[in-house]
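Below are two complexes that have chain A in common, paired first with chain B and then with chain C.
Right after this comes the complex of A and B.
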């Protein structure tokens, strides 16, 4: 077991090793409640990967597994080639959970000090910059901050860690549009400057457009789509035509919608299609909506909630 | 610079205690980091413990001074000599009696309740709050190893509990020894209900065990309010179990006496703990006191009584056995908490 997992990793130089690699990964919470099942995917280092799915699809479980806060029930998840948590691997991964929990009695300055005291590679300058942009006073107590301000402190804590892999679970959900735009900018600048890999989950689709370059579509605990975003978009086409026209090519339609006599369909193929169709490359939002509206063909026990503490 | 795949030379260069992150700036920190966080997290709890402990110490010292002052006054007047007992002696002994009553009926039960309160309000919420609010995830997402954080998180309040309970126990033992058990105007044998748990090493061991049990309960239930209630019940239950098994911590002394009807049967030595007693019938069969309640005529006619008791010389051995047992249990509980932190997930 040890040989099969460590030897391929050791052969690849560190910089070319995938940031996250899952093989048959699964997580079961209760006896028959699979939050994730049989997930296999790879996220190369340096990518900004969107983790997309409906509520309860298993996005949080996936990120929590990558953060090593829970153990997989089946399969394996390697982070920078390592299957297990070590002090070194902990220093390389930062994680912002959906609820952004922080100690309510601590001040903003004390919360940053937690990061400084517990992380050897702490970057005070970056963390402080994120705080200052929100004009948060250091002596303000966390418990007195608004949800958006707390999110900012949580992001500062994660960015100050100078991690190589940043796991962000619904990071922007309670920020106003201005702060969202500004913090996304900070994140992207950090990622570009240091080559940080980011896994960001979101159900606010426009938040991801133009930001991510890799996609993981999680649906009912399974990976529906995984890969380079451009390749995925190139591999799909959006067809528009008249309902009683030619048949759609078999086996490639993800979704087909009829509005009056007009038919819109998303096809999972890059090959040109014959017939009276007008074909366009789908936008990220069109692609994701088409998939999210269509349940998986095989019936899977759908988890009824996100990863629970 | 290498990552995990490289072993050998680079692994040896890396500081053993810190996560070496290649040539990145910043030095790996020693225990200072987690200790600061543990202290910051325990600050309010420590303050909440120190203030009542100081007040209790002040009360105990004042009690001792007042009692000694009254005793001195009575000795000066000569109350102890025969035939000199007057109204002043009556007043002074009444005051000593009142102070002794306060010690036995207020201070002792309060000190006995300390482990329960520690379990409820220090131990119970300690991890339950972290699990409930999710802050545990934040701590575990930092570079520090989880067990190092937990060690500091438990050690800081644990050290304060150890120190304060030791001081408090020393003071109650001192007041009891100098003013109660040797005093002429009070009767407070050491094995008695609320007396035993405030003397010697037992209060310290109970304080540590109560706190640890609360921490485990908090980790299991992960809800603060429930943790407070369940921890309290758990420590009270542990007290009750201990009360039941305590007589067997040291071999009992067994004795037969001529039936002493005036003292209601068996008469144990001063300050001894009479665990079980009854009568021996003419044919040699033993009846316990409870059995005598049913057949009182037979017992009244019995020629001999018997008793099992711990003389006062068994006090220290019994205390040490109980202390040892509690410390072993505390170690087991703490080990379980450590194991569950990384295995049970958050």
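Right after this comes the complex of A and C.
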């Protein structure tokens, strides 16, 4: 599970410096409605972290907490080591929400100008390039743009801000495939050049494959999986075999499905399994789908998680 | 310069695809010693993949002695993988062509041959069978001793 033992002030290599650290983090909206509960995880700086989960799992709440737009009800959240929000710390973070709040009566050029005036480290060239790639005229009013075009303007603002942490909530959902590929390329180039940490939520799973190198799987307000993506994939295997064959090792099956005589199971263990099984490393999509199909029956799976952690 | 094609649903990791495509380019002579690989930024801007993946692939190529990073300049090819024996007119290829013709004459179709080839490769490479001393069994006969 997430590493919470790092000592502040210790000599940590730049790439292992945590960008976001949560300890026992939770958010309750109404008396009994916990959107997030008891979340502990670390995202090292320079990672591209996928925040994945079903609708209503708590992805947006997690990103909104990281952006410090809401206060946690419980636990602690540090962004680049800082537990509290300051003007300096806010300048290091950019957040693109699903709603993309922009002034509808402003033009594209006016919107970029606001970004320039409000952000001391403004990168006009990058922001303008993102706008130009979409062939958006500067005089177009935000209110007259399509959803995908507004997304482009919101991403241009976020990239122009030169933030060290980009929080993107379903950024690509209303873009066409070409714009999606193009803007993901711009985001990745930005990360390559500046070592930007990106937390990106998405429910379009193939969109994240090859893009993310870190994973937070949010399920029913809890963190089900957190860590380096390669390590997570190495720690799982997809088994196929005959249904009345050997037993699966106890306590490791995330999901077990039977189709006729064939049984398929996703195991949370990298250890080789005895028996007449064919074992493969799951793809990101196979892993995520297996978890998403099997919601945590409260408390029952907790021992499993500990046994294999 | 090489342009990587990343197939996301191929089952091969993006990192492996970059390593394999680079090696393929080195075998075919598309990349030659002294050539510069594209920067991580150039690769990810065009393919929309994770930059750490590109760097990991380049480190792997470096570990194999195929490329070297020159600080501030980029990553450059150190040596080629083109093998004289595997060239279009090389003796190894001629031997393989003969063998494939034989297999077809024996009634094997394309998939049978591919499966047989994959199985033999698996057996000879995975179980650690050492390669026979060079020249002892090649079609060109015993290597000249010096």
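Keep this in mind: the second predicted complex is superposed on the first by the 283 of 309 C-alpha atoms of A that agree within 3 Å, B and C clash if a C-alpha of one lies under 4 Å from a C-alpha of the other, contacts with A are read in each partner's own complex, and residues count from 1 in each chain.
Simple rule for what comes next: a residue touches a chain if its C-beta (ideal position, glycine included) is under 8 Å from a C-beta of that chain, and two chains touch if they have at least 3 such contacts.
No experiment lies behind these values; they were computed from the predicted model shown.
Placing chain B and chain C on a common chain A by superposition gives a fit, with no clash between them. Measured by the number of chain A residues touched, the leading partner among chain B and chain C is B.
In the superposed model, A:240 lies in contact with neither chain B nor chain C. Once the two complexes are laid over each other on the shared chain, residue contacts for A:106 go to chain B alone; chain C is not touched. In the overlay built on the shared chain, the residue A:283 is in contact with chain C alone; chain B does not reach it.
Of the two partner chains placed by superposition, only chain B is touched by A:119; chain C is not. Shared-chain residue A:97: touches chain B; no touch with chain C.
With both structures placed on the common chain, the touch criterion links A:191 to chain C but leaves chain B unconnected. When the two complexes are overlaid on their common chain A, residue A:157 makes contact with chain B while staying clear of chain C. For the pair chain B and chain C, the least inter-chain C-alpha distance in the overlaid model is 21 Å.
Touching chain B in their complex are the following residues of chain A: 6, 9-10, 14, 17, 67, 69-71, 80-82, 86-95, 97, 99, 101-106, 110, 113-122, 154, 157-158, 161-162, 309. Listed in rising order, the residues of chain A touching chain C in the complex are 46-48, 181-182, 184-186, 188-189, 191-193, 206, 209-213, 283.
In the complex of the two chains, the chain C residues touching chain A come out as 6, 8-9, 11, 14, 39-41, 44-54. Residue ranges on chain B touching chain A, taken from their complex, read 2-5, 18-21, 24-29, 32-34, 36-37, 40-41, 44, 131-135, 137-145, 149, 222, 343, 345-346.
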